[in-house]
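Paired with subunit B in one complex and with subunit C in the other, subunit A is shared by the two complexes that follow.
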Partner chain A sequence: MNRNKKNVLKGLLFIAPNYIGFFIFTLVPMVTAIVISFTKWKMGDMEFIGLKNYLELLSSRSFYKSFLNTVLFVLGTVPVTIVLGLGIAYFVDRYAYGKSLIRTIMFLPYTANIVAICYVWMMLFQPTYGPVNQLILKFVKTAPGWLTSSEWALICIMALQVWMYAGYCMVIYLAALKQVPSDLMEAAAIDGASRYKQFVHIILPSLSPTTFFILITMLINSLKIFAPMNIMTDGGPGDSTSVLVFQSYITAFRYNDMGTASAISTILFLIILGITLYQWKGQNKWVNY
Partner chain B sequence: MKKKTKQALSIGMMAILTIGLVSGCGSGKKEKVAEEKKEDKKKIVVWGPIPEENGPQDVCDHFMEEHPDIEVEYVRYVNDDQGNVKLDTALMSGEQIDVYFTQFEDYYVKRIEAGMAEALDPLLEKDGFDIQEAYGDGVWQYEGKTYGLPTNYDHQFVWINEKMFQEAGIEIPTSWTWDEYAEITKKLTKDADGVKIYGGFMKWQDVGRLMGRGQVLGADSFYKSDTESNFDDPVYQQTLELFDRMMLQDGSHMNFVEATNSKLEPYGEFLSGKVATCISAPWITRYINDQEKYPHDFKTVAAPLPITEGSEHNYGWPGLTGVIMMNPATAQKEAAYDFIKYYGTEGQKYMCRAGKIPSWTGIDPEVALNEMLGENAEELFDVDSFKNVIFDEKIERYYNTKFNKLPELERIWKEEVERFVTGEQDQESTLANAKERGDQELK
Partner chain C sequence: MMEQNRKVKKIIVTVLSFLICAIVFFPIVYMISNSFKVELDIFKSPFHIIPEKFVNNYNSVWNGAYDFVRFYLNSLKVTAISVCGLVITSLLAAYGFSKIKYKGRDILFLVYMATLMIPTQLTMIPRFMIYKELGIYNTHWALILPGMTTAFGTFLLRQFMISIPYEMNEAAKIDGAGELRILFQILLPLLKPGIITLVLISIVWSWNDYENAMLFLTDKNLFTIPLGLISFMDETGKQYSLIMAAAVSAALPPMILFLFGQRYFVEGLAKGAVKG
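Presenting the complex of A and B:
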């Protein structure tokens, strides 16, 4: 065995633990799900039915509704999280005292258990006794029903998602802000560029790789949102908080329809794959390394 | 040469010793196996939803006393979505589960259709076990076959806080209609030191099924035919009218959406004095008896479930439930059957304490009631009212035969009713939407 081959073998051995895990726990189930999506399977006999599951989904009201809710959820969380994370990071980096304390406090929600967070959220936003509404009712006569109202429930969960991930974005942006070349900033300041111009023309472009990374991870996180719906609202009231993963879950485990459920998750997979590929291609236009 | 002989000798000795040792081990093993075979304990694993300390362990212990050759291990699963998924995946993945319980009909059907349930008819026949004689009407069947024995008989009725009725000067009814129920609960609704006390409380999961599905229409209440849903039946309109009156107009009942979202349980609200009445099945007696966790200073009275005026029927829901079933993959068919039969008949007497009405006709109702209400019965309950309500023979029994898309229909009804009680849509469009979506599913 020559040296080159030996090196390749060593390399393979090093990545093996990760890849074996990925293979068993991600790749195999993924391929299985895609296969199941072409069958009718109620955990008993499996019957191959081609594209029927997909065609049925196209005429399913619940699927449209949860697709729409997922899109709304992504649009309502991703930009807000990124802007908020960047804003706070910029503020903390430039103006705040006690940076590490603020950083820790902001980052805490991301490390907390989602189930615990949901229960706290439910108590805070309880329409009658919850502190949020108690406070609102002190000033105005009526308060929204939050999680028990079709208009507010999704917004309430969006707020939870933003709250959870804004700190995460902030921490990453804080690190990235340190990398902004100070000679450029100094030169700009000497040439009399305003704070706003410095921010738009120097800081934002230097942060673009970070923004790109955060954008992709946030998008994926928001697209596969599930736990708050399952714990807090059961997709309700009505179907106002039913999202794709939730719809897939109840189709599989309540309706016992594994084929359709797999079709839903395959569609979600394709959406995520499509968006990620598009971003990957599009990054040349705005990401500067 | 000498050295070599010595070496050979020692090797020989070692070999002999080793062989002796190995063979000794071998014979020992054989003996052990034989011993094990002699008192070979058949082990069966049972998955059930009731915490073992609330009765099932008692049943298992008494069963093992009667059958010393069988060892029973009881594993509890929580009877919610996640818990049932856990049971299903465990069954599919071939984990040892010989016997398991199913509480709801949709899971019952799902498990049969997925081949996770053994038809008991051949075993029952061989044993000469007559289902009709043991339980009367209403044992769940699937395509004419019995896949399990009911271990208790559940039905819902109204639990009354005697003190609040006395304070309001209302006589406790022994029969009433839903209209009268709405009227009385409205009178009982009040504001006590800034905390609202509701007149009534029912859980969507119970009453949503009960009123739409069961009480008036009985079996297959969601289906007009195999291909048409039944949401245009007047009973659904009446249900919405009652919800509208109690939740949106009188405010005598907390909005279902808020109650579900706050994860409130009827017994919790009732025993903390936040509601004057609640609708539930008898399993909550164990909480009423738990004076340490749920201290309360009133007597609980039972009243029958209100009826719909003009309805010919008064079916009870869920009826014969807690169905104990056999996993077809079990290696201990006989032992499993013995256990199922024991739990389905005389074993039930150890479950009364947990608030389970026996389904087996062989248990004296009086004895069961005494067990259910506990030692402080006179202090905590109006015993006579419970006797009349729990063992009310006029309540009819039924079981469903149509299950196509049942969970989907249930979800549709829940979603549309939620839209109705949150004021998102009116009664007409609620019924129209439910009907349209239901028909779409069944088409």
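Presenting the complex of A and C:
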């Protein structure tokens, strides 16, 4: 056997244990999901129906609602999380005492168990006796019903998401802030640039690779939100917290409609793919490596 | 004057930061506080952070009257096996993707990376079928096997591995060492930070994994902590004091790990980790 062939064999053997698992548990399911989305399949016979699932979804009110809720959820969480993370990181890095203690506390929610936290959330936002409303009722006469109200439930889950990830963003920004070239900052300070100008013209551009990474991570994290809905609200009240992953889940496992459920997943997959590609293409405009 | 100004600023920012920390920390404190309360005091108005009457709800959770101990052991088992497996498969794959040169390697790696961004929630249905087909549905293997073969592990360790110069391999080869020996005897000590990072992060993810457990486990005897908490809710008849004691018990291990391994977490997550 020549050297080249031997290397191929060796290489494949090394990656095999991990790659086979990846192949079976990630790659094949992904392709299969797309294939199923073109079929009518309710756990019995499978029938190829082309784009029909997609066309039906386009005119489905509940799909429209889940789609809208997902978009709202992304808009209500991603910018807030990133701005909070960056803002706190900037000020803490510059001025605060006890930096490492702040960092530790802020990051803790990221390690929290989602089920445990959902139960805590249900108690915190309990409409009549929960501490949040106890506080609000001290100042005003009526307080929102939070998870039991179709107007507030999604916002309440947004708060949970921001709570879990703001500290995570902050910690990553803190690490990145250390890499901002200090000679640039000093030169700007000598030239009399204001703090604000230094932030906009030096710090933000040097942080752009980190922002790029955090933006994609947070977008995907919010697009795939599912657990809080399944644990706390069951998509309700009404369909006010039904998001795409949740709808896909109940369509498959409650209504046994695998084709439609897979079409929903595939749409979400395309959205994520689109965002990722768009970001990669757009990043050379604003990311400075 | 300038100095003093700066000091005032620092104090203001510090106070504000700790205020934010207090808000962030509050749900965790509230959880711990309620775990020591009598059921009747939990929704008392006004609420007290320090319980008026301390009770040890942990005793009831852990004394074996409920299945919580079993859920805990299940989680320990699943997490331990998947993380050990993940470290080994990832080490091998990272080596195969960075230290052995062969045709097609980079294409294989690209496929890998392309899927790193795709959330597992999108493949629930096919995995459900595949697991049934493989006979691992409703067994711990449904969590362990996928857990020990994530692309994330390979990606992370490869990041650490490419910073080790290839000359190490060449020198070792001249001395007659095989690839496995190079990996486990020469590179392994240098990869320690990377491995610790991977171990810590994947313990937290595996321990907290709710979605996969929910999808693939139906037998209550097999439940891991996240599912266990939910069934505990029914078992105790929605007794929040007991649930909070169980929740604290469930949430504690990842938090403690984080407290000890902070810098590894930050490094690993900043290296381009995307939770799948």
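The definition used in the following text is that the second predicted complex is superposed on the first by the 271 of 289 C-alpha atoms of A that agree within 3 Å, B and C clash if a C-alpha of one lies under 4 Å from a C-alpha of the other, contacts with A are read in each partner's own complex, and residues count from 1 in each chain.
Keep in mind that, in the parts below, contacts are C-beta pairs under 8 Å (C-beta built on N, C-alpha and C of every residue); 3 or more make two chains touch, one makes a residue touch a chain.
Being a predicted model, the structure only gives us computed values, none of them experimental.
Chemist: If we overlay the two complexes on their shared chain A, which of subunit B and subunit C does A:126 touch? Say first, second, both or neither.
Modeler: So A:126 meets both subunit B and subunit C here.
Chemist: For A:179, decide between first (touching subunit B), second (touching subunit C), both and neither.
Modeler: In the superposition, A:179 contacts neither subunit B nor subunit C.
Chemist: Tell me the contact category for A:147 with respect to subunit B and subunit C: first, second, both or neither.
Modeler: First partner only, subunit B.
Chemist: Name the chain, either subunit B or subunit C, that contacts more residues of subunit A.
Modeler: C
Chemist: Could you tell me if A:250 is touching subunit B, subunit C, both of them or neither one (first, second, both, neither)?
Modeler: So A:250 only meets subunit B here.
Chemist: Pick out the shared contact residues on subunit A: the ones touching subunit B in one complex and subunit C in the other.
Modeler: Correct list for subunit A: 126, 128.
Chemist: How about subunit A: which of its residues touch subunit C in the complex?
Modeler: Those in contact with subunit C are residues 4, 7-8, 10-15, 17-22, 24-30, 32-33, 36, 88, 91-92, 94-98, 101-109, 111-117, 119-121, 123-124, 126, 128-131, 134, 163, 166-168, 171-172, 174-176, 210, 213, 216-217, 220-221, 223-224, 226-227, 230-231, 245, 248-249, 252, 258, 261-262, 265-266, 268-269, 272, 276.
Chemist: Help me check something: in the complex, which residues belonging to subunit C touch subunit A?
Modeler: Per the touch definition, subunit C meets subunit A at residues 9-14, 16-18, 20-21, 24-25, 27-28, 30-31, 34, 42-47, 88-90, 92-93, 95-97, 100-105, 108, 111-112, 115, 117-130, 134, 145-146, 148-151, 153-154, 179, 204, 207-208, 210-211, 214, 225-227, 229-230, 233, 240, 243-244, 247-248, 250-251, 254-255, 257-259, 262, 265-267, 269-270, 272, 274-275.
Chemist: Provide the residue numbers of subunit A that touch subunit B in the complex, in ascending order.
Modeler: Contacts found on subunit A: 42-44, 61, 122, 126-128, 145, 147-150, 232-234, 236-239, 250, 253-256.
Chemist: For subunit B, which residues are in contact with subunit A within the complex?
Modeler: Subunit B residues touching subunit A: 81, 84-85, 88, 92, 110, 113-116, 196, 255, 257-258, 260-263, 405, 407-408, 411, 414-416, 418-419, 422, 424, 437, 440.
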